């Protein structure tokens, strides 16, 4: 059994980790920390976990995290980098669901997250945790930066096209929409039900933190520093789910290619990426509460490709992917504990 | 033109006052105060008011409220009672949308609202602002306590039965459900969209502030201090709307009565109370964004009456009713500015 | 492995059966019938099942249902009774999710469902499938009538009080609310999103089919033919979930009883019924997509008991309970395949 | 007073016409036809209109439509063209909310709507009813084709750029999302609440009828037959509202232009088009139940323009715009009866 600790278990990625880990056949939950809720049984905050998770939150200082095999950080940005060194020294594997280990360029991190990066050496060592694109590096990683929710869907949608060099690298468009849980479980006005329901809008129009992450990764995937993607997030009045509508211009090779075949080959054998039949339009509920991603590729104009991608932002976009990374890092079957059938309707 | 001021215009009852007053043919908006947002144009906070309301929020101390004819308090409990005396002295009529002037018993107020009542004399003078049940007193009032949203629907549903003495006065049940806007525009976790949507629950099960208000008023309506109503609120995943399902046992007179006729006669001539045909079930959207109340009365068992009532909690349950009171206090047609057709779908 | 067939797999209870059975370790899905969709792969209709269910719908006549160990009917009322005799003769166990085997009085069935009952002998043999209240009879049943969604919650809420004779048997009130999936996957106007969302109403106010089922069962539970429950359903703008707010008057024994202890003892050892701590209010999402029921009991007045019950109408209220019955009928662990953690948020 | 008839008043555009016309100071409603609902009081189908609309539906043959000044067709495609000639001959002005008079090329109409066009001469005479872009022609029109909901938002968003020749004419992208009321009040499975709520998807990915309408109009606006726009609609889990995210590449003139000023000048003096301050992101609720459109223009890359547009699909996208056209055709103030403040929250 793998001994697992969670730092910051009170938010949505925390409770999603708990939902999934409670059903994982090879995991033993050891500690869940919360400075504010120390002493409170986890199931008192989340009645959905009654009878499933018997732990109480513990104060960070009281948690024997160094006894764990794996520690997840489901915390605000900046927490993981403050604690990672000590855990790594004790032989603990670290998976950060926040952004501390996503952006490889310290300057870019500091610009977008407004804080200094306190362990650039660990950042350099850390591995970007998107298994379908980076599996081998994850297997041997000590520290993984779990991807952002939007970047996961955008990368999986563009990767087959960029790797096969079928599209013009600039002017990529990622028109994305996320359910409100992506904003986290924070008391804020703009995500109150009377504000966010029966409503739709773009946001972050002057720049969103997932923009530089997307560009960094698409450039790595393409092996081409000129890749430039315009990322436009929108806020959906749903709880869970991300839908990305991706646009690019096909180059000569792309116009000639069988795009459906390109995608099917790219993801052949992948357990969590489902390429839909030609002509399909995936819907977010088809992956609700699951680790699956569904993708459809279209050629609406002779020189335009459109890719539609859906994922659950809390599962494949956060906690499910984190567990997928844990499985790889611990030598387990990558899909262990993650094969729940999506909940629909 | 009636010169109107609003104290505390940033919440949901505030913006609903603004929506309605901007369309009122006899109102001139003079000042909207907000300590926190002073200087901000109102339409910057509420883009729905762009082109409709040109005022900016002003600090309470800078607002020339004593120049107004009427001042509405759309504030937390306790604010109106601190400022009412000065305004009344200047000849301003005061309408409080909070609870400062609802509960006649100072001890009950202090028990439920956790603060001393600082002007019991004004409380004694104040009039409970439910026009259909208290119209004449409102016409001449200087200070009106605008009813709670739930109590409005419960009173209108039980009043015909209590006045005609058709039901047993004890064991009344008010099983009510409200949209989330009833909780106000406050940054809180439990009203976030991911918490409150696709969900339903009872709340306030140990006692809710509207309970004593309901009992006070039902006793007055019945002229019977033994009236006792069990009030159980539930939280609906909708923005606006209250639905009350009321139960009572019929006495001998009630079993013999034509309940449909009782209700139709009780509300004959009322502009805002619509008694539906026998056998109906009103839906909240049938009054959305309007000042109307729709009521259906049923006799599901020979000795049981069930009354179904719907209102928009922000309009008839708050700001619309406040303007109805203003119209009465100022000698205008009671329905002026309040005849918008409900928005459906 | 238990060989399972499903008759009528295209509706919401059908797809919920498929979601759960696909994850059941002891089930082999053999056939799913649909006259209208014969030939269509199940996963083409329900993309959430892609990679999980490989079967296509087959025409009823082509399905080798008599080779199955268990056949579920997720069909309109009247289908199961037409086919049950042949299946039973072939040694197949039958579980009907419709109403053919719920109401023991043929006359009552015919009055409420508007069709003759064609096999009264099987009706007499059939067992009402609410395991927590009827477990031993289910174990040996050949044919089970799976309870209605509302009646499941109402029975589990009233049973401890009725069995212990703590309440007056008449004037019980079941004020219930259900998500829209309870209306089934039928093309109808009143359940369209623009009709049913951002809205709330009572319905079936002249009588609902679950009313006689509730009264039949509460009388059996109480051993008292005088039990009379007023059942009032409401339509919630959510997908899944039933919330029941139950009211009854306590008799002398009830006023003296420790109601919390009564409920905790009644459900001690039950895997799927969770009695919440005193003072709680369960929310529907706390059981979303799971087979759990959560119950809270309150005494808001010295002689009044209020019970709050939540379930997922498609799971414990339909397909999950049907599988729970299957497990019992087949000698398996009652909870097998049904321990998914609720999905929240 | 203008005498108005409505053909086909039972759908969502019909009830929205009724909501607005009931409040229009210069309109007298004469007849509302419905073959299926003849005899039914309108307010029985739409309780929100109780006390506001006293008419009953009449059979088409019994409606004295030729006595009206204006007749609106809120019918399926094909109905208006069958009845328009007779009405025009009687001197009645005709406004069609369906597609019979939108597409000027008969062949394109027949390809996308699957029916022959029976009056090409009237089609040639008809005027496209988007007042902000076509006001003078509407003033003198006898017959108006009311624009599609999506095309209204897309044209208003691209028009300033196309008229000023600031963008490359090909590869325009209109990534749009609509509330479910856009699908009409038809009994269909895919728009049921359990299907469409808590969900998001693209649809019409193989081609949508509004695509050719958009291209026809953008070419007219630009005076450039090479304009080509990729239109991708998505289905939002809201009742009302369209959000369009528009992308285009700036040409040299566009890169140099002050785009904010271009939009502000283009819509200066327009009563219903609100250009937001630079940096804004409009939300659909800011125009809910109103005839307003709000637009924000962005330059996220040196050679890319992004325009965000919101409208209420039933109001400015259908019935409100139809009344705006009526006002123009009848010589009234264009905004008469259309100045309701949006409902928010």
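All chains are identified by letter, namely A, B, C and D, in their written order; residue positions are counted from 1 within each chain.
The rule we apply is simple: a residue touches a chain if its C-beta (ideal position, glycine included) is under 8 Å from a C-beta of that chain, and two chains touch if they have at least 3 such contacts.
Model, not experiment: these values are computed from the prediction.
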Greatest separation from chain A - chain, by CA centre: B
So using the touch definition from the top, which pair is joined by more C-beta contacts, A-B or B-D? B-D
Which integer distance in Å separates the CA centroid of chain B from that of chain D? 37
Centre distance in Å when chain A and chain D are each reduced to the mean of their C-alpha atoms: 39
Report the inter-chain centroid distance for chain A and chain B in whole angstrom, where each centroid is the mean of the CA atoms. 45
Overlap residues in chain C, where contacts from two or more other chains coincide: 12, 181, 185, 194-195, 197-198, 237-240, 282-283, 285, 288, 345
For the complex, which residues does chain C have touching chain D? 12, 179-181, 185-189, 191-198, 237-240
Spell out the residues on chain A that touch chain D in their complex, using ranges where they run on. 171, 173, 175, 177, 194-195, 197-203, 205-206, 228, 230, 232, 234, 236-241, 243, 245, 247, 249, 279-285, 288, 296, 298, 300-301, 304, 306, 308, 310, 345
Chain D contacts chain B in the complex at 12, 15, 19, 22-23, 46-52, 181, 185, 197-198, 239-240, 274, 276, 282-283, 285-290, 292, 294, 314, 339-345
